[in-house]
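I've put the structures underneath this note.
Both of the next two complexes hold chain A, though its partner changes from chain B to chain C.
Showing the complex of A and B:
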């Protein structure tokens, strides 16, 4: 029972980690929260649906993130860079508006009904671990989530671009004085974060449903996670995503009537105890 | 707009002009406009009020609230439930709903204005979604009607008006018009008061204000409570006018519409957001017929922030000043 609960919350947290860490990365570099991130995830899911129909699931998992990375590059060049001198709130509002537009275009093309895609044959069915039967697809999700955590950590820790990203997140002014080109980094980070949203979207297909409201649900969840984790803190976001996944799943098992409210209660409790979130973000000076 | 009057002669002139405008605006549309136009205009006024609450917080405190709908729709739900389930009279139900929603806003505000503006924006969005989830809970379905919403019909009268009067666009217009003026003038005076000055100073540099010995927390909580009271008035007037409440009135769509209306009109001052509400209501009628309301909302947010950050009213005022320099300068001569 407990093992199943933890496994389920890890599966959900895997998706949330990919999205929330992308948000935190952009925030770290640009001080902007991308309110359109939910729409990118939705775009990833619907593109995944279309591409998977033609090429199958595995190629979709490769192609869609590349497409989304291109969207991220467009976002960087057409939105974040030109609006660099505007207030962060204004840029955040622009991303909110762009997210609404993107969501509406997707609904216009695909219509209002929910879609679903099947997991590939090798990932359907279930596997028995320690006497517990568990869907293979969720094991795959957990592995993907774990993989993205590890690769993020390796990148940030052991590569020079990762070092620069950490430096800019910690102190943009000093980092710039040391000759770090934050525009170039931002291009990398924005496309990376969009690509992760694409992966999460494709992965969500066989796991959750693909429907017109998915962008709002996901962006609200991710914002809660980013706030709990301490805005801009990637480690905080990962821990908060795990916590969020756990209370969400535990809530739906133990308190099915009010499960929808459990994440908000978590948010309020964290805010009461630590208004800046649990990580060392830059939310409060 | 309401007279940046500087000489003692121009203050009474502004008041007289305002009074005439108020009187004419309250009476004339009832004779001139069709019922359909008036109905749209009523919706525009109420959206304008909601936009005013969003805009006031934006321009004075630098905080963007994305949860206006939860106050707007929440007050409507409480009004309906207080009458149908707890047997309150319409007047008592209005007072109860207003106070309950404002109290909720005070608690929420006390919790979230401590964070930075960006986190504030995210938290208001989250809190708004939370209220929408509460209403949709299975456990309160008997109270809220779930996805179907509630029909609100009341017996008796509020200030001498029956339910049917509120539903009649002609009768409702003067009420909305009066409310808009009262609240517009109130918020305008608040922004010129000590509270407004403190809020703007905190917005520009919170740390410096704190070091200078000002309390930077309480003024922002007070401002948040104030704008929630305005949103509650808008929501209550809306439920009286429409005669029903639905979960849509709590949705993110309503909050973003209010934001767009505020950006369209211009967030500075009282006239901009109110005009924005009217513009939006008529534009929505045009676009909504093609199912593109949300698209309009998204595009308008981007357009007005990037290209016209001062909004229609702010832009017009600036244009008039450029053409006729020396007219009605807000600062300068004393």
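Showing the complex of A and C:
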């Protein structure tokens, strides 16, 4: 029972990690919460649905993130860069508005009914791990989440661009004086975040339903995770996603009537104990 | 062509103007000290090169490029680097990572990790530690090393002796002489004249945001210059 609970938590957390870390990266670099991030995830899911019908799941998992990265580039050039000197609330409202518009366009094109993507044959069925029979697709999700964590950590810790992202998020003034072009980094981070949203969208297809409300549910969850993790902290967001996944899955099993409230209780408890969140604003620690 | 030319610069913070038409010219390889009382505008002068202030008038030229309206990273890319007041090391980066930030300019030259570690051996010993865990003197070495990693034509030092013991100040003077010998110009903002006299070849006096005096370093102790510095 506990093993199953943990495994399901990890599967859900894997999706959340991909989304919340993107949100945290943009916040760390631009000091802005992108409320349109949920709509990018929804776009990824619907594009995944369309592309998978033509090319199959694997190519969709390759093509959709590239398409979303292009959307991220547009977002950077048309929204984040022109508005970089505006207040947080103004930029946040613009991203929220764009997210709503994007969501409505998707509903206009695809309609209101829920859809799903079939998992490829190799990921169908179950596998026995440590005596526990578990769906192969969820194991795949967990591995993808783990891969995302490792690749993000390697990028931030061992590459020049990762080092510069950490520097800008700690002290933009010093980063500028050292010759770091934060606009160039923001382009990289925004497109990367959008690509991660695309991957999460495609991966959600066989796991959750693809429906018009998925963006709102996910952005609220991700915002809770980013705040619990410490706004701007990737490591904090990853830990918070794991914690969030666990309390949500455990809540739905043990407290089904109040399961929806459990993440908010978690948020309040963490903020009471550590007001700065788990990561205390550090991009990687 | 001058390495750096600041012409009639007006700059400050928000609505407050600190510099009132400051002028300064630095030639390649020179070592210059900017002196003056607290609040004279010395740090503002340096920070204006990186758009860390609100520049409202005048011009800043690095070589033949006018930069006062260009992005803040431009000066570094053009060969001006800074060890700012208070060092401003990044707390969550190791010594090695703080140094590697200097490579963001992409400029080639004699300064790399190996040459910095040769200049400051203690930084190599502590390369894996967080920069802010170092002692004051070591942090100053790290701030200077980080700036040198950009392979600048001109190194700006803002109050480098702040918080250092006299022995460490002596070491700092030797370091600045070594840096100049390596061909890098130095512009030092400093209140301690003992350092200025040994590390610079000429001085500029700033008072109330304007340049009010200048001359070869041997004359910095002259009565009229002391009077100007007290303004």
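Simple rule for what comes next: the second predicted complex is superposed on the first by the 281 of 285 C-alpha atoms of A that agree within 3 Å, B and C clash if a C-alpha of one lies under 4 Å from a C-alpha of the other, contacts with A are read in each partner's own complex, and residues count from 1 in each chain.
One rule holds for everything that comes next: contacts are C-beta pairs under 8 Å (C-beta built on N, C-alpha and C of every residue); 3 or more make two chains touch, one makes a residue touch a chain.
This is a predicted model, so every value here is computed, not measured.
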Room on chain A for both chain B and chain C (clash or fit): fit
First (chain B), second (chain C), both or neither touched by A:231: first
Chain touching more of chain A, residue-wise (chain B, chain C): B
Chain A-centred angle between chain C and chain B, computed on Cα centres after superposition, in steps of 10 °: 90
Which of chain B and chain C A:104 touches, first, second, both or neither: first
First, second, both or neither for A:93, with chain B first and chain C second: first
Which of chain B and chain C A:58 touches, first, second, both or neither: neither
Touching partner for A:175 - first (chain B), second (chain C), both, neither: second
Which superposed partner A:163 touches (first chain B, second chain C, both, neither): second
Closest Cα approach, chain C to chain B, once both complexes are overlaid on chain A (Å): 12
Residues of chain A at both interfaces, chain B in one complex, chain C in the other: 283-285
Residue ranges of chain A touching chain B (in the complex, touch as defined): 31, 33, 83, 86, 88-90, 92-94, 96-101, 103-105, 108, 216, 220, 223-224, 226-227, 231, 257-258, 260-261, 264, 267-268, 271-272, 275-276, 283-285
In the complex with chain A, residue positions of chain B that touch it: 62, 64, 66, 111-112, 114-119, 121-123, 125-127, 129-130, 133-134, 136-139, 207, 252, 256, 259, 292, 294-295, 297-302, 305-306, 309
Residues on chain C engaged by chain A in the complex (per definition of touch): 50-52, 71-73, 75-77, 81-82, 84, 88, 90-93, 97, 100-106, 146, 150
Contacting residues of chain A [partner chain C, same complex]: 160, 163-164, 166-167, 170-171, 173-183, 282-285
